[in-house]
Amino acid sequence: MTEIKVAVLGAAGRMGTQTCAAVEAAGGLSLVARLDKDDVIDAGSLAGADVVVDFTIPATTEANVHAALDAGAHVVVGTTGWDDASRGRVAEHLERLNAARAGGSDQTPGLGVLIAPNFGLSAVLAMTFAAKAARYFESAEVIELHHPDKVDAPSGTARHTAAAISAARAEAGLAPSPDATETGWEARGADVDGVRVHAVRLRGLVAHEEILLGNPGEQLVIRQDSFDRSSFMPGVLVAVRAVVSRPGLTVGLEHVLDLA
Amino acid sequence: MTEIKVAVLGAAGRMGTQTCAAVEAAGGLSLVARLDKDDVIDAGSLAGADVVVDFTIPATTEANVHAALDAGAHVVVGTTGWDDASRGRVAEHLERLNAARAGGSDQTPGLGVLIAPNFGLSAVLAMTFAAKAARYFESAEVIELHHPDKVDAPSGTARHTAAAISAARAEAGLAPSPDATETGWEARGADVDGVRVHAVRLRGLVAHEEILLGNPGEQLVIRQDSFDRSSFMPGVLVAVRAVVSRPGLTVGLEHVLDLA
Amino acid sequence: MTEIKVAVLGAAGRMGTQTCAAVEAAGGLSLVARLDKDDVIDAGSLAGADVVVDFTIPATTEANVHAALDAGAHVVVGTTGWDDASRGRVAEHLERLNAARAGGSDQTPGLGVLIAPNFGLSAVLAMTFAAKAARYFESAEVIELHHPDKVDAPSGTARHTAAAISAARAEAGLAPSPDATETGWEARGADVDGVRVHAVRLRGLVAHEEILLGNPGEQLVIRQDSFDRSSFMPGVLVAVRAVVSRPGLTVGLEHVLDLA
Amino acid sequence: MTEIKVAVLGAAGRMGTQTCAAVEAAGGLSLVARLDKDDVIDAGSLAGADVVVDFTIPATTEANVHAALDAGAHVVVGTTGWDDASRGRVAEHLERLNAARAGGSDQTPGLGVLIAPNFGLSAVLAMTFAAKAARYFESAEVIELHHPDKVDAPSGTARHTAAAISAARAEAGLAPSPDATETGWEARGADVDGVRVHAVRLRGLVAHEEILLGNPGEQLVIRQDSFDRSSFMPGVLVAVRAVVSRPGLTVGLEHVLDLA
């Protein structure tokens, strides 16, 4: 297998710096370009990169992706700020490029873009497993725990997890989680589509999530702890290695994990 | 050390039955009487008991205690339904009896009554340790987890724990637990005197409590699990052994635990 | 969808009794026969059962399965004592029956037998998720916790989990979990194919397993608690519903769970 | 209450730097001197400090303490490397100084030295509570979890905790924790005076300890997490504030915590 050449956009930022270091330390990958805010993104500056990793800012990330695609590179995006419209434009761009490529003599798979709201493997796996397991349990609740400087509650990850659990329960035709409670609904958290999410804020913590699933006589608990941002690098590397053989747009790291 | 003779009131009930069995199995204790609802409580029926254990019903428990005291026995009470007035009457009765005894030739310590809302050693210890530790931590939150048939939330134990933590924080002059949350206050639970209590309801669980205390870079978690009612028996035996040398009224098992 | 008719073998035993009750309470299933040790197993006594559930004893379970198959029923087996030879004979029997059926005019899928060493959904899911996640983490260890009357350590479930994690790590080409330890290898537990298994024995516990997976800056913990045997019933019902459309021999509940 | 003046030895080191910052940020304390390895320690360089905090190296810490005492300061020591002999010499020095002081007209309490092997409040409290609770539980085990670069197992803190639990159980006359295990003693960890200690090593973790106490039907779990070294500062401040009113030698932060 030939080496995958990687360019990093936002290379001087916190995540970009870590990504450069992680790519350089990883087997089978080589870092060919570090670009930051004043750099032009084109075939020249990308230096033959197979994969471009974007850790920039919401204002520039979409333009970066289109430029990287035009230069013939796959893209992994860790920047936030994407919505249905911007994702749709990237999907169209990919379709156009890959259709043209299919008509020609190029035998490689088409270009791919992977946009991941979360590169934490433990967080993505916790959410994925919780959704898969949910249909087999009578009760489900989520506890998320974060440092006390966080302004929103529950966290986006916990809301996303609860929504996925709720959808899985609905699909399996489960009744609502049993609950005889008559009083007391003033704690930090929310009811997300019928799944209770509790939000703990505690000095010393970073970002943690616990999913509790219960049946008569048994409990399954899936917990994940993110202690610092270095935890995102294994997920970024998984994404870089996967995107080269996954043409088109993929949203969410879970779709490139091998969980068969 | 001579054996402690024990009589059980409510001996045919669920807790009474377990208490009789636990007393019979315990070293240093002997079961001398099993009384239930149609039995008279007096020196005769108590058969020389040193300690009477009351697991009856709210309607009769106070009368039982006065009768047992008049028969010269110490009393351990596990029945609910006590309030300030009924506790006050027992305290007065004890004072009167013990004053009379002190004036006489009886050299034994005076009679004692121990009323315990909770005989679960793990629950009582969790609450006690949480209150002791609270003054040393910037943040404190409580999670209680119960079966989904429970109607009240948060549980009385969790409310009690949170109130004790709040009092300890106030006494130590701590600021409120830091919390930047701007949205999301609809989860099951409550704010008890500034301490957040989260209430989880999950099929398969019984009764569990987790106290989280946080400082920069560290966390202390005290968790207790009550899996079934047999868990109350060690606490009942501790109470029986302690009440004989603790004259007057004591409310709460924590006061007879040796935690020095 | 027509109702599935169920016969229970070992109907007077502990698991059999619970199975009868669970079948009767479940939607889409009806209990048509309760057989125990002195009953003949044939088309007559099985009363048209579509699925036979065997919770008997190692000495009779294999013969029961062959008899049930000859009577035209699918079988779910929860009895222990199976080995490669007895499983092989059942597989052959199924092949013979299903080949004959395929040649005829019967349009239903062939007969199926599901042998499950563990019907606990939380236990089976914990093991399955741990094996799937293992390839993405640098470190993996297992803690199993049981009541102190258990004679073997680590538990079979924990050994099985560790072996599955080890196999997944090997397949993904991972190096051994990092470990600089120079001293101290005398705790209860084992090294199962390079995965450390710790065995806790504690009064009050029943059966619990915790799988810890670690990467730089993050941790994924999958924990399951079995509080009592009622916890096996949801898994038995899943098996009964699945076996009718899964011809041939299946070993392990995980293969009939829908985790796609 | 007047301000406590603090001097820090080893002020340029990792712990010393944090201590200086913590003292400056704390109410009621002022930093009057930062000394490091080439500085002389005497009344002049200590600049009137009431309390000297020593975070230096084993080779110099004892001499530093004697010098600080001769300059009339209380001392808090976080440096390792102390043994019975060096502690004995400090105790004698304190006795001599405080006897002289008592004979004179000085009305303040005598000088104090507090040597703490661990300033982590959560770690010290976990150990202290575990020892207090141990006498009330039939079973006790300890799990410690650390990063995989640690060379010793179990950790010193876990050994210390287990020894304290063992002593408390012996004093209360408890039988050994029940254990029917016949096979399997090859896991990382140790038997410390009859208390099993399990040692987990996992990438991503820092330093964590979990004490499990079990009775029929209940469990008490005390867990502490140290995520980074900033966690020692609250304990250092507690020590500085306490040592001024605790004449003589004290070993262990637990003795100055207010846990009544």
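Read from first to last, the chains carry the letters A, B, C and D; within each, the first residue is number 1.
The rule is simple: a contact is a pair of C-beta atoms (placed from the backbone, for glycine too) under 8 Å apart; a residue touches a chain by one contact, two chains touch by 3 or more.
The chain list, named the UniProt way, goes like this: A, B, C, D = 4-hydroxy-tetrahydrodipicolinate reductase.
These figures come from a predicted structure and were not determined experimentally.
Novice: Pick the pair with more C-beta contacts: C-D or B-C?
Specialist: By number of C-beta pairs in contact, C-D is the larger.
Novice: Can you tell me which chain lies farthest from chain D, using the average of the Cα atoms as each chain's centre?
Specialist: C
Novice: Counting only Cα atoms for the centres, state how far chain B is from chain C in Å.
Specialist: 42
Novice: Whole-Å distance, chain A centre to chain C centre, using C-alpha means?
Specialist: 33
Novice: On a C-alpha centroid basis, what's the spacing between chain C and chain D, in Å?
Specialist: Measuring from centre to centre gives 49 Å for this pair.
Novice: Can you list the chain D residues in contact with two or more other chains?
Specialist: Within chain D, residues 137, 204, 213, 215-219, 225, 227, 231 contact more than one other chain.
Novice: Flag every residue of chain B that touches chain C in the complex, lowest number first.
Specialist: Residues in contact with chain C: 204, 206, 225, 227, 231.
Novice: Quick one: in the complex, what on chain B touches chain A?
Specialist: Its residues touching chain A are 137-139, 141, 143, 145, 148-154, 177-191, 196-205, 212-219.
Novice: Hey, which residues of chain B end up touching chain D in the complex?
Specialist: Against chain D, the touching part of chain B is residues 120-123, 125-126, 129, 132-133, 135-137, 213, 215-234, 238, 257-259.
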